[in-house]
Structures are given as C-alpha cells and as structure tokens.
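Take a look at the structures below.
One chain, chain A, links the two complexes that follow: it is found with chain B in the first and with chain C in the second.
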Partner chain A sequence: MVVILFLVSAPLFIMIKYSISDRSSVVTGGAVIPLWPHQPTLEQFRGLATMDRFAYSALASLEIALLAVAISLLIGAPAAYALVRYRFPGIMVLATFLISIRFFPDIVSVVPITETFITAGLINSIIGVALVHSLLSIPYVLFIAMGVFEAIPRDLDEQAQVLGAGKLYSFVHVVLPVALPGLAAAAIYVFLLSWDEFIFAYFLLVFGDLSTLPVLLRKILSWTPQHNLLAALSVMLSVPVIIFTFLVQNYMRTGAAAGAVK
Partner chain B sequence: MAEITFSHISKRFGKYEVVRDFNLTVQHGEFVTLVGPSGCGKTTTLRMLAGLEEPTSGDILIDGRRVNDIPPQKRDLAMVFQSYALFPHMTVAENIAFGLKLKGVPRSTIVEKIDWALKLLTLQGLDERRPRDLSGGQRQRVALARALVLTPKILLLDEPLSNLDAKLRLRMRAELKRIHRDLRSTILYVTHDQVEAMSLSDRVAVMHEGSLVQVGTPLDVYRMPENIFVAGFIGSPAINLLPAHLTGKGNDIFIAIESCRFAIPERLHGACRPYLEQDITLGIRPEHIYDIRFTQGALAYTATDVTVDVVEPLGDRDIFEVTMAGISLAMVTDATGSAYPGMKLTIVFDMEKAHLFDRNSGNNIFV
Partner chain C sequence: MLQGIRKNIFAILALLPAVLYLVGFLLIILFTVTRYALSVPELEGTGFPTASNFTELAGNTEFTSALVRTVLFTVVGTPLELLIGMAAAFLVVREFRGRGLIRSIFVLPLAIPAIVTAIILYILFDFPGGHINDILMGRYVFFPFPLLSSPVDWRGSGFFALAVSLFGKVWRDMPISMLIILAGLQSVDKDQREAAATLGASSFQTFMKITLPLLTPAIATVLVLRSIELWKEFIFPFILAGSYPLLSTLIERAYHEWRNPHEASAIALVLLALIVSSTILIYCTLTWLKKRLVRV
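For the complex of A and B:
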C-alpha cells in the first residue's frame, strides 16, 4: 500500500515541485537538487500565461476536445440507442466491429490514418485532429451509452409512442433527457481523452504551426529542456483532468431514471 | 368509443406461441377484462392492440378498419403500463400534458384538462412534483391521468392496480368503474386477479396458455365455467375439485367420492349418461357446501360427515377446511363461529350448482 502510494504520488510530487521551482533549485551546478525549492515561485506559470504559443495551443486543445465530444456523441449516442433497442441479426458482430479500432495499438493505426488524412488535406487542422479523436472515442461512447440506454426502461419509449409520439420525438424528448447524466459522463471522458491524446495529434500536427498542449510539450521538450517550465505545462495539462473527474463523480450520483417505473 | 375485433390472432416469439388463434370482439363502450395466470398471453394481446407488438398472423380491427400496419401513435388509444412508465424528468403536470401537447391541444385547454384530471384522481397539489417523489399509488394515478386526459376511444389498462395496497385498490376499482361510466371509452383491461376481473367488467375473457378459453359476463363465467381451468381460476376461495366416479342405480345417478354418494338432480341425468361408470371430476364451490344444521331438509339426501380441520374467520363469514373420507375441501358459511377445529360436521352438497368435468378433456359436461 505504501509502495503503491509512493509510486503514484512521487511523479506528481516531482511535477508540482519542479513547476514552482526557482531557477537556482533546478540549475545547481552539480549539487544535489533540493527536496523542496529554495524559493517557490509561480514564475513559470506567469511565463506560460504570457506565451502566445501556449495560449494558442490551449485554445486549439479546447476546440479539438469540444469538437471531438460533439462529433463522437452525435454519432455514438444514436448508434448505441439503435444497438440497444432494435434487435436484428448480426448485431453483436456489428457492435464488435464498431469498437474494433481499439483492438490495435494506437501506433499501428496512426500511420494509415495520417496517410489518409494527408490525402484528404486534413493534417495541420483542428477538424482533422478532432475527427481522429472522435474515431478513438466512439467505441467508448458506444460502450458507455449502450449501458445508459439499457438502463432506461423500454416502457418509457413505448408509452411515449402510445401517447402519440413518433420514434424520433420519443428519443429526443423522453429517452435523451433521461440519458443525459450518463451521456455527460461519456462526454467528459471523451473530453479528457482528447485533451491528453498525444500520438495521433503529434503525427497530424508535427510539421505545422498548430499544436495541442501535449504536442506543444513535446515541441518545447525538443528545443529547450527547461525542467521547471515543462513541469508547469504538465500541471496545466493535468488541472482540467482533476476538475472533470470531480464533475463526473457528481453526475454519476444522480439516479436519472428514478421514479419512472414502479 | 370504438369497437375492437381480434380475428384469428396468433403471436410467436421464436419457438413459443404465446397467443394462439385468439378471437374476440369488444363492443362500443364495453369494459372487457382479459384474465388469466401470468404468462397466459394477456399482456401480449394488449400490446398487439396497442401496436407495440406485431401479430404473427391474423387481423386486428378497430371500428372495422384493419390496424395491423398502423403505428401505435396513430391508433388513437391510450395505455397504462403495469410499470406506470412515468417520464422521470418531467413533473406530474408535464407528464399528464405529454399526449395533449402532441395532439396540438391549445395551452389553455391543456391547463383545464390537467386540473380536471388532478381533481378526478385526487392528485391536487402534486402537479409540480417529480415521479420519484410520489408514492406507488400516486404514480399509478398519474399514469391513469395521463391516459384519461386524452379521452381516448380505447383505453388499455395493464394490471394498473397491482402495485396498490388493498384499501387503495378497492377505491380505485370503484373509481375506474365510475370513470368508465362517465367517459364511455371502450376499455380492455388485463389482470391476473379474478376478483378484480369479476368486479369491474361487463365481460370477462379467460385466457390460458395463449388461448381464449371462455368469454362471458362475470356471473356466467362464475356459474357456468366451460372447463375445469375456468372453474378453478374464477371464484374465491377456489372451487373444490374432487376425483369422483359416476354410477347409476335404477333411475338414479350418483356421484361417488370414496365412500360418499351424492345424487345428481334429474334434469342433469341426460348429460351424465355417457359418463356412467366412468371416472370424472366433481367441481363444487365452497359457498355451495352447507352445514346441515342451517339448511332445510330438501337437500338432505346428499349429506355426508366431515371433520373440521381449520377455521378461517373473515368477519362476515368463515372458511372451513374440512376432511371428507380423507379428502380435504373448503366450505364457506355465514354462520360464523359455528364450528371449531376437530368438530364433526354433517354437510350437504348443493348438487344443483355442482359441475362435472370430463377427466380427459377437462370440459364441463353440463355445458
């Protein structure tokens, strides 16, 4: 337990420590690096905040993540609903096929995808990265959303239909609102996946000016290995992850379908 | 009001035929109950009428028009699900308004209708609540309100009272009857509770293993069950079904149960003749077995001695479990407290009201 705790917290500690280290605590000229910085400072964060490339990348990351959320939910949620509600032959084969991209290591699919995107003129663009991130997310969205829809009693759609609603109306006005908290969890998951994703974003953006935050981290790493600045960037990368994790937990707690049946 | 016709309806789920060759016509404004044990196909039949299931074969007609291919939302009927299926993200008022909004009813009329329904079902003051904050009985009434505001031609009710406590169930039963009288909708009601079926309906349709076994007014079905299943299903406490043997002696016909003999009334002799000297099942309802101390002498020739095992006092009447020649049977008497366990009793079978069932087919030989 202690070992695990140490293994988990040590890198976090080092990251945070470096991010607030002053220069003399990093460049020690051969002396041992102190356990806690001599003079803790927010200098690096200030530096990041005034750095154009950081702001652009953060904005790009945000746009890509939001686009990925929108695309993967728009495609994934209705697909999951169809898979859950309509039984037709070969449904398991179809479901397996839809999540099959996750069977391969990312590094295997990155080359053919980059190749295709170059031909399609989708590299160095926000939409390109968002599309790839959607592709990566859809299996997860499908998986989560299928669970969400399965938990919604079929009686609800049927009741809506008997009361005069068409299939689309009952999906939009009855099923979707009930599914919302569950789908929000899926959305946050997609957001985080896109926010953290490196390999695909790197391949698609490596030769252009556009960067997501992880790609920017890599680009800075290759030019000026300035530990404390990198650490500060890493912290900035992690903060949304922590915030959203708390949000997810809050959403998970609300029982959406409570009171629907019996 | 509308007339519903099921014509040779069958429904298969894979290998299982859950409804087979079902034929029934429900008249304009009639209250018909489909009753039977769980899994007999009654809910499936209702769902086929609602358009939620497609019949494997046969036709469903509403007012003479074939509706097999019409989607549920265009059939102009309302249904209350056994599970209530309230929309959890909507308030009570929004739930009730759901169908009206879809019909394009003007806002002011919707408000009026909601008020009317809340009052009718004593839900006043709950309109802003969400389903999760309601009790089972309140949810059930909201589900009913949501259907009633549509003043549908046809109202389908699937075990709507099954989750209510006994007192509320009684009140809702009366309420449903009143609503039916006021709205004159054609109502098709599904229940496994035969008391509910008897007390509510104009006609009762008894289903067993996917087939319709008997249709008739509650009294007809109670008095003249066509087969042993209906006899056993309708009536509470349940009818006594006793293994017996038919014997003839001169001009008399007797039914023999172990060492006891009961004479069959003369008007029924004709039906009995083909079964003479054969094994048969006697069906006699607990309320048609009398304690000889409280009967006139006319029936005395069918008397026999029994021992009382159990007495169940119900207040206005008692149920006795008695043993007759090693066979246990139930009887009901309104002479409460007239017997105690272990007491010897002389009882009389009212053979005018007894039924005899063919051992092989299970059919009532008097029908």
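For the complex of A and C:
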C-alpha cells in the first residue's frame, strides 16, 4: 500500500518540484539534482505568463474544448434521449453500435482524417480540431446521457405531453432542466477529453502556428528546453484536469466497468 | 410506413445528426484509409488496387522490428496491467479507515494528462543527469548504494526506452483496471466466500475456486480493453522511445518523415487487423476458460 501510494504521488511531486526550480537546481553541470530546489521560485510561471505562444495556445485549447462540448452535447443529448425513450426494433443495436465507435483506434483514423481535412481546408484551424474532438466525444456523451435520461421517470414527459406540450417542448422545457446536472458531468468529461487530447491535435496542427497546450508541450520539447519550463507548462496543463476529474470522479467510477473511461 | 415516420419524427430528427456524424466520419475514415493503403503515389503502372505498399513494408526492417516491438509491448503489458490493477483493487476493497481518501489518491494517475506523465518520465529518466540515474548511482543520502558506476542512456536503448514507456502506460492506466476489478469484487457475494470458509476451504482455495471464477467477467473486460489500448498506445512511446518505434509511432514517422500517407495507411490497416484479431482471440479464450472454470 505504501509503495503504491508513493508510486502514485511521486510523479506529481516531481512535476511541482521541477516547476518551481531555479536554474541552478536544474542545470547542475554534472552535480546531483537536488530533491528540493536550492531556491524555490515562480519565475517559470512568470515566464509563461509573458510568453505569447503560451497565451495563444491556452486560449486555443479553451476554445477548442468549449466548441467540442457545444457540438457534442447538441448532437449527443437529443440522440441519447431518443435512444432511451423510443423502443423501435433494433434501437438497442443502434445504441450499442454508436457507443462502441469509440473503440475504433484513434491512431488508425488519424492519417485518413488529416488527409481529408487537408483537402477540406480544415487543418491548422480551431474548428477542425473541435470537429474531431466532438467525434471522439459523442459516444461518451451518448453513454453518459443515456444513463441520465434513463434515471428520469418516463411519467414526467408523458404528463407534459398529456397537458398538451409537444415532444420538442417537453424535451426542452421539462426533461432537459431535470437532466442538467448529469449533462454537466458529460460536458466536463468532453472538456477534459479535448483538453488532454494529443494525437489528432498534433497531426492537425504540427506544421502551423496554432497549438493546443499538449501540442505546444511537444513542440517545445523539440528545442530541448530546460526541464523547469517543461514542468511549469505541465502544471498549467494538469491543474484544470485534476480539479475537474475529482468533480466527476463518481461518474467515472460507475462508468469504468462499462468501459466509459479511456 | 409514412405514418410510422410521422409518428416518430421527433425521434428520427433527434437521432439523425448523431448517426450521420459518427457513421459519416467512420465511412470517410475506412474509405480513405483503404484507398490510400491500396494505392501508390505515382498512379502509373500499378493502378488502384495494389498490394505494393504491403509487400514493400514486409521487406522493410523498420516495419518488421516495429511489429515485433508492438507484439512484445502488448504481450508483456496486458497481463501486467491486469496484475497491477488486481493488486490495487484487493488493497482497497477491504474496509478500513480513510478508504475513501486512499481510493481518491489511487485514481490520481487518471487525473494527469498522459502527455504530462510522459514528460515527467522524460525528465526523470534523463541522461546523463536525471533523478533515476542519480538514485541508481547512489548519489543521494537516503539511498547510498551505487548500483551503477556511470549513468544509463535510458532513451538510447530500445529495451529501456520501451520499458519506461510501458511503465508510464501501466502507471496511468492502473486506476481503470483497478476500478473494473473493484466493481467485480464488490459483486462477488461475501456469503459465498464465508460459506466456502465454513466448509473448510483455505483462503487460497476460496480465492481459486470462488473469487477468481466469479471475477472472470471483470478480468475479461480488463484484458480486452487494455490490450486494445496497448496495441494502439502512442503518446508514451512517441515521447520516450522516439528511436524505437512501435507500429503506432511508425505511422507517425511514415506520415511526417517519409511523407508517405500510403504506407502510413497500410501500417494503420495492419495495426487494425492485429487489434481485431487479438480481441477476438482473447474473447474466445476467456469464454473457453470460463466454461472450464465454472464447471462444478
């Protein structure tokens, strides 16, 4: 237990340690690297704050993630509702098929997608990356949202319809408000997926000026930078993820057995 | 028919965008990857359906060694992920104080982006001056045993580079396997184990005859999901084992360095075929094993 606790938390410690290291604790010229920096400093974070590429990339990451959340929820939530509420033959097969599209290996689809997007003029653009991230997210949205809608009693929308509401009206004004907390979890999940995503973002943005934060990290790596800069950037990339993950931890826990966690 | 459509118009309109989006992209991907894999850049001579990309790959040592590495990576990694996940699950399944907190800490690797984990390992296993080298050379007060006399170039050796990548992958995935096994363990009835114990079974016998067979669905899930993930693992080997490509990182190299989307697509299809056949194989083996195990 102690061993596992140590192994689990050590990398986090190393990341934070490096991010607040001063130059002399990183570039030691052959001497031992100290376990705690000689003079802890926030200079790397200050450096990032004044670095244009960092600000642009963070903004791009944010825009892409929010766009992916919007697209995948707009497309995924109504579909999940229909999959749960309507029982025509074959609908469960359709649901299983749509959800299991997420097992399609990303590294296999990255070349055809990049080639298609080059033809369509979608590389090096926010919308292009957001479209792919939505593609990756929709199966997860379907899975989470189906669970959410299933938990809402059918009577609720039926009564609204008895009282004269149309199907669209009862979905938007009666069911959606009740489903909102669950859908928020789906939104956070998509946000994280997009924020972390590396492979597609890298292929679509590698030769351009635009970067998401993970892609920026890789681009910086090729200049063999000081380790404290890498670590500071890693901290900035991880902070939202760590916070949000603990918020949706319970959803992940119940979903893990069904393969809902990547 | 028409009436059926009109009656369910809301459901159809709600489903259509999602179906079109997912299936559309899937068709574009499958179509493009197959078209590229079966054609060559200069269309003269060989024409469209040609297997020349594949025959060329078969004679390419870079491809064959990447294939061998990928198979080893998956064959070693999948059982490792299962064992680590099981160990962690058995640790936290018992009731004890602070279990909630410990479980939250155990989920931590999942909360760190994979690329960040890869970068941390990149820093830790740096050469010549990294923490791991310093520790193994006994340069710290807490571990004064020089196991190495000179630093090891971890990323410069195929074995170590892939071992470190695998370590990172297993580290990051540990919570997923743990959560799946945990869910399986919690569904195994306590009564059944207690009944076995009452009947005089040792704890080892109880484990082998009761817990393990009842855990097979969870184990099957872990093996299938993890093996798929290991076949296509990209980020860790990309950052940590750049000179020793797996099939996944070879796709990137074929695309960016050789500038050959056709060979990249051919490699992608080989990888896809491997994933599909290994998944079927694992599934069938486990079904067969389960039949043998549960036969009472």
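One rule holds in what follows: the second predicted complex is superposed on the first by the 243 of 262 C-alpha atoms of A that agree within 3 Å, B and C clash if a C-alpha of one lies under 4 Å from a C-alpha of the other, contacts with A are read in each partner's own complex, and residues count from 1 in each chain.
Here is the rule we use: contacts are C-beta pairs under 8 Å (C-beta built on N, C-alpha and C of every residue); 3 or more make two chains touch, one makes a residue touch a chain.
Treat the numbers as computed from the prediction; the structure is a model and nothing was measured.
A.B. asks: Check whether A:Ile4 is in contact with chain B, with chain C, with both or with neither, and answer first, second, both or neither.
C.D. replies: The second partner, chain C, only.
A.B. asks: Identify the partner contact of A:Ile126: answer first if only chain B is touched, second if only chain C is, both if each is, neither if none is.
C.D. replies: It touches nothing on chain B or chain C.
A.B. asks: Just checking: does A:Met51 make contact with chain B only, chain C only, both, or neither of them? Give me first, second, both or neither.
C.D. replies: neither
A.B. asks: According to the stated criteria, A:Ile16 is in contact with first (chain B), second (chain C), both, or neither; which is it?
C.D. replies: After superposing on A, A:Ile16 lies clear of both chain B and chain C.
A.B. asks: Decide which partner touches more residues of chain A, taking chain B and chain C as the two options.
C.D. replies: Touching more residues of chain A than the other partner does is C.
A.B. asks: Check whether A:Leu66 is in contact with chain B, with chain C, with both or with neither, and answer first, second, both or neither.
C.D. replies: The answer is neither, since A:Leu66 touches no partner chain.
A.B. asks: By the touch definition at the top of the document, which applies to A:Val241: first (chain B), second (chain C), both, or neither?
C.D. replies: second
A.B. asks: After superposition on the shared chain, which partner residues are touched by A:Arg218: those of chain B (first), chain C (second), both, or neither?
C.D. replies: After superposition on chain A, A:Arg218 lies in contact with chain C alone.
A.B. asks: Of the partners chain B and chain C, which touch A:Pro153 in the superposed model: first, second, both, neither?
C.D. replies: first
A.B. asks: Which parts of chain A are in contact with chain B and also with chain C?
C.D. replies: 256-257, 259, 261-262
A.B. asks: Given the complex with chain A, which residues does chain C contribute to the contact?
C.D. replies: Per the touch definition, chain C meets chain A at residues 8, 10-15, 17-19, 21-22, 25-26, 28-33, 36, 87-88, 91, 102, 104-117, 119-124, 126, 128-131, 134, 139-140, 171, 174, 176, 179-180, 183-184, 218, 221, 225, 228-229, 231-232, 234-235, 239, 248, 251-252, 255-256, 261, 264-265, 268-269, 271-272, 275.
A.B. asks: Using the touch definition from the top, list the residues of chain A that touch chain B in their complex.
C.D. replies: Of all residues in chain A, those touching chain B are 153, 155-156, 158-166, 169, 174, 177-178, 255-262.
A.B. asks: Inside the complex, what are the residues of chain B that reach chain A?
C.D. replies: Residues in contact with chain A: 50-52, 71-73, 77-79, 81, 83-89, 98-99, 102-103, 130-134, 136, 139, 146-147, 150, 156, 163.
A.B. asks: What does chain A use to touch chain C in their complex?
C.D. replies: 1, 4-5, 7-9, 11-12, 14-15, 18, 28, 30, 32-33, 35, 74-76, 78-79, 81-83, 85-86, 88, 94, 98, 101, 103-116, 134-135, 138-139, 142, 167-168, 171, 195-196, 198-199, 203, 206, 214, 217-218, 221, 227, 230-231, 234, 237-238, 241-242, 245-246, 249, 252-253, 256-257, 259, 261-262
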